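Everything on this sheet refers to the single structure shown next.
Think of it as A, B, C, D and E in the order they're written, each chain with its own count starting at 1.
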């Protein structure tokens, strides 16, 4: 019962902050409401006995990703959206479609039936602790995925670097690009 | 394993063409000479076909058979029978003439032109030799590329439209045929071997569907009414050699396709669709003829006349008896020779006048008497004057059609009247009537041009006076074909109804298969 | 409780690891020998060619449980992707110079994306699929946006990023549903579970499936999920476009094939018609819209959409034959499309990209060789014999017909006539128009190599397709 | 015990909100946020299912999704910055140079 | 195969080939080869005749021409009584015309061409008559048509000449249309096209009928009618007579040879040759008789008013040919052939006489500008007179015997319409005499009405022209004597000679009736001559009076009963109109091309429209994508 109450509370807040994030004029406000959403999501994870994920949710999402967003918002420092229409023109069809999608997905839910159970029963999990269980899984069964995720992060780093790096040449793109000029640029 | 003569015939011009590519483009004269030599050698290589052909069997001859793509059971399978052998010869001949007629009229990208022409020749011969459906289709489609270029690069003012129209029109048809071919492969025991496929039997419904799928490709190529409209454009815009190849060989392939594929593979569909095909042919004959009367353009007129003449060919083929089918095949050759010759002639005169409008001509017989004489013979052959090849073909077709369905011959024979009308009118407007002073100093035919036209004259009279020379090649094969389609080497049951009202006996000669009622 | 982690056998995954290392080496070289692009090119090429050779001799195996499967199916796609890498690398050198893209990371990103693709091809688990996909996608987002001073490149990258993320979200949602209903993310396990739990007609499963399908249709640019493709292909640097139109597509088809054939074969009767409609729609959109394009790059983008539609024809029947037809087609498509793009790059010079159709007017007069080669590539793309394009299409049509999809095939065939129309348009411009400007193409050795590989491939496979066909046919899943 | 369907319903709703936002907002950064909403919806689904299935695969996938989301954020924001440098705008409806 | 039989047709052929290829170099001496060869042909023909008289009958195949299935047609020769007569007619007239042409065509452009064409014609005509099967007949039939086409259009730079040639060919094609269908039917029934087996087996047609479109037609009738169709075309009978008068655009020797003596009689030859078939159908015979009679009168009426001398003769030819058809129609084939024989000479003479006049008048053909030529051209005058007397049926002249034979047979015949034919024939005998002498008087008597310059140049033609005239004059008088009827003390050798081929006439009139009929027809002729003399010699004002009195009839006659105009209005124009307006513009360009070009255009427009969808906005793209997804989910949902 208590759990249900918490769920309902979280659900309402998640939906509310979700709608707020989508609707608010100021991007900063949106980011903040998403932050609220993430926190309540973490609560739900706790409710589902996924402590490790709850922590990650707060650390990575709340602490990392959203902060990055905020940085960028401030970096591009565009507050124009506060003044002008924050929506693109096809609002109505988009709303209808999103609604339809929602309705259809809800409509199929009753047909949902749970698959074969695995061996991480609640007892087993609480005995192991979630973090340890995750570690075990990650480094045994999902080792490959873990490695790929590492490469993805590497690519993200490289990509972010490449994209965000301001090139010296950027101010004179018209300069003829001969091999000799490459060398000069390097110096 | 005998000498692979057919492979030689197919690939000699192709390699000849490719080796032309390596020559320097500036040295135009050398290129022409080499192309000519290649084509003449090709013609000489054909001689063994003519002399070595065994006329007493319907079996494929000069067969070459190798596995090619084993996964699909596709074979490199070549062979000739009495139906196809003549077309190979004709192709080789026409190629030589095309090179001759293009000698001076092609002024830009000379090298590429002759390359295209030789590639085209190889592909055309391939089409007639192929006994594997896949191989056939490859050659069939591969022809499109050089032909597209020939029309589009060296053609007249509206050439691009014509070239694209030609390409897409035929492509749509061919693609539908491709679907048919694959379906046939699937239903016919996973083989592309035409002869093996012909021995299978298919359900009537499937036959009908496939028949129409093949019809799409062949009818466009022939061209049968109402899918003929690419032809006038293509003919009109193509350079002389292009028109000649188009008229001489390319559009024969449609009719050849009917003979080689549609009829033996789908006999029931062919017989049940006979009336439809005959009706379309009749429309083609009359429609193509009448429309010629309204043409102001020399080449367009001949193009539409091709529609009419090819109507005769398909009429003959689908009348499905010995005379009509043999006539149809012969008429294909004839039309190739005659219309090819007409286009050669038009090419020569166009080279001098640069106009295709009939109204711009007149009285040319005074200034170009030799040419007028040549053209007269072509005209008369086109009209079907006895003694020329045109007559033999049309006569046999009509006899056959008459035996199958008398009224069909009745309608078709009206094509003879219209044919005479537009051809003679054309001849009059070009060669007769008061001399147009513009052409007072027009150049006579030179030796090269006379040499180009002479073989056609010889063929016209040779076939006209001794058609047996060609007919003898096809007798056995046609009988075999008809046996496949109707169970009798005579073809389908005659539709000529004669009633004898007296006596209990059958009064009419048994030789002719006539219904007798009392 | 002590847990002992044992390292699974690394042999099967060795090519990926090697490639990854090459990627890292490339970064290193870029750091320590900056601007020495030739070295980067050579190493990438060496890696690509070496790995292709290595893959041809790799034994089927699996590792990491069932997460990573090396079967000949996977190997085939890996070869296609690596071929894309090699050819694109060969093309890049000159193009990057011309466009002034100086990032040495270009090659490493390309290599990383190929690593992602190889993981996708071998993935036996949806998690690996997802991660491979993202590795590939993220690298390519960067590659597309590499021309930072170019508005179009920025725009393309951002659009690709936005739509790509959106589609991954949809894919993930689908995965989550399927996971919930089957209790596993293992592809083979899903198939097993569907049978065991008789989920064949379950709407919820269908929904999950459709969302996964949509995710991959997005990646292969199948209608109606194709919208990103034209814009991104046009905006991306041409060498990247060439790469994108070949390698990621192949990898996505690899996954699509594996998922459809291993995880969802039981519900084939549900998805075949969907795939048929998608395939037809894709062909229609690609071929019809290509007609009115004025930029050849964009035209090729639409053509690539159209070709995705054809490739889907092989997936449609759910037969081994069909799948091998698709595989075969993708390799052939890689060759002919790369050839066409190589000509596109050859046409560029520093002052003029010559991406408009107008630039091709009279090419046969000014640069006959380039025109002739383009002619061959375009006729092959149009599927005219005796080119490889025809053989590929033929196999596809045959496979679809054999399974009885006659109407779809007829539609496909008619639309292929439409495609011939716009390919002809270029041929027409090259051969039948007067040249607008006279310029001479300067051929660089690396581009010549690309072009000749492509030509030999296109004509050779057109005439002698036997080996390839046998290879594709024998590379089926599980064999 | 909370039924799984509750979680799923919430997930669907959140997902739809994300989709809606993605379709209608102009600001690219907000679009990124909407992606995060959609991914969170998926995550919720996965975690809940993992929980009810007694399986950790869902949880592991969630972890990777979060990782990828972070990586995406890095690259996406890099792209935004490049775009902003070039155009001084982060409105999604102003980037429509490529079309047709 | 007897050599002489080969020489007869093939020597002219060789002469044609030789002259056509090398004539240009020979120039003015290019006539030698054709003349010599045709004369040799003539000699051989005479030899052939003697052989036939001696009882020889040759039917031999040269080689198989066409063979296909059961169809096998040879090139082969049949020499029998009918053939031998035709050979004589053809080669003799041809020889004379060849010789005559040396003078007539002197100095013309294309001199060699003319002679080569003449040789070609001779060859074709000989092939026609010599053939032993229908297809070879058809070969010759068409080949003479070709020669006719070429010779009519000899002055091809004249539009009217070129038109006339074309018209002749096309109108003939209408006839051939029926002819060839007849051949098909014959082949369908008999399985062969060779004369002998067909004529031996005609009995099997008795009582048989042919079904077309569910209707049944008597086999013999329909075959006969179809063959007759061809004959109508070639022999210029109603309604296909229109080409012959126009054919006068050709040089006059051509008119004499082709359009009077030989080619146009091919129709008669055909009917005569096929008499076993025609005999089976009274209907067909009746139709022939009636068509013949109507044409006979019709052409004679037109001839009354024409002023172009060649046209008068041309219409008279049509009319005389009609006599021959009447003969065939009433079953008196030998009488028809007899008239063919005599007509060949007197009509050729008339034409050649005209030619001589035209030569003298410097190519003036209108009788209005002639008159009083008697004193300038005496030989022409006298020979022309002989011919006119002969055609008018003056007793003793050739025309008298043949025409009276026909009239007698017509009178006696039971074929429906025969009596009518006799009536018309007798009437036309008078009309013929009238217009012949009208022409004669207008040309040779009275005052010269041409220009002074013409008058200055008027002189008799050279010997090369006049000698043939004289020879033909002999023919015009004596050719009839080979068939003097019994009633006049003759032995009717002609009929006896041809009997093996042409059989007996149905009925013979009694001698009394025959005499009576002769008197009537000679009376009619005499009246005609008298009337002509009266109107054109004695009281010229009568002409205008009559003209005013019968204004309507006169106009119709002058304008040839507006048949050309009728055809122009009902066939030519509608055809051209349909061709351009309906088939080309509406059907081909609008409908078929509309579809052919419309579909691509539609696709092109679709393409442009669809580009709008690809508007560049990510949001809209995603909307479409989501839309697609929703649709897919709904679809799968409902499907599952």
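We adopt the following convention: a residue touches a chain if its C-beta (ideal position, glycine included) is under 8 Å from a C-beta of that chain, and two chains touch if they have at least 3 such contacts.
Everything quoted here is computed from the prediction, not taken from an experiment.
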Neighbouring chains common to subunit A and subunit C, by label: D, E
Contact-richer chain pair [D-E vs A-D]: A-D
Maximum centroid distance from subunit A, chain identifier (CA atoms): E
Between subunit A and subunit B, centroid-to-centroid distance (C-alpha), Å: 70
Centre-of-Cα separation between subunit E and subunit B, whole angstrom: 36
Rounded Å distance, subunit B centre to subunit D centre (Cα mean): 66
Subunit C and subunit E, separation of their C-alpha mean positions in angstrom: 78
For subunit E, residues that touch 2 or more chains besides their own: 600, 611, 614, 616-619, 622-623, 626-627, 629, 633, 637
Interface hub residues of subunit A, defined as touching at least two other chains: 88, 90, 94, 97-98, 101, 104-105, 108-109, 112, 114-118, 141-142, 145, 149, 152, 155-156, 159, 162-163, 170
Where subunit C touches two or more other chains, by residue: 127, 131, 134, 138, 141-142, 145, 148-149, 158-159, 162, 166, 177, 179-180, 183-184, 202-203, 205-207, 230-231, 421
Interchain pairs in contact, sorted by label: A-C, A-D, A-E, B-C, B-E, C-D, C-E, D-E
Of subunit A, residues touching subunit E in the complex: 88, 90, 93-94, 97-98, 100-101, 104-105, 107-108
Touching residues (chain side subunit C, partner subunit D) in the complex: 126-127, 130-131, 134, 138, 141-142, 145, 148-149, 151-152, 154-159, 161-162, 165-166, 168-169, 172-173, 175-177, 179-180, 183-185, 230-232, 234-235, 293, 298
Residues on subunit A engaged by subunit D in the complex (per definition of touch): 3-4, 7, 11, 14-15, 18-19, 21-22, 27, 30-31, 34, 37-38, 41, 44-45, 47-50, 52-53, 56-57, 60-61, 64-65, 68-69, 72-73, 75-76, 78, 81, 85-91, 94-95, 97-99, 101-102, 105-106, 109, 112, 114-122, 124-125, 130, 133-134, 137-138, 141-142, 145, 149, 152-153, 155-157, 159-160, 162-164, 166, 170
Subunit C-facing residues of subunit E, complex: 600, 603-604, 606-608, 610-611, 614, 616, 618, 621-622, 624-625, 627-629, 632-633, 635-637, 639-640
Interfacial residue positions of subunit D with respect to subunit A in the complex: 1-2, 4-10, 12-21, 23-27, 29-30, 32-34, 36-37, 40, 43-44, 47-57, 59-60, 62-64, 66-75, 77-82, 84-85, 89-93
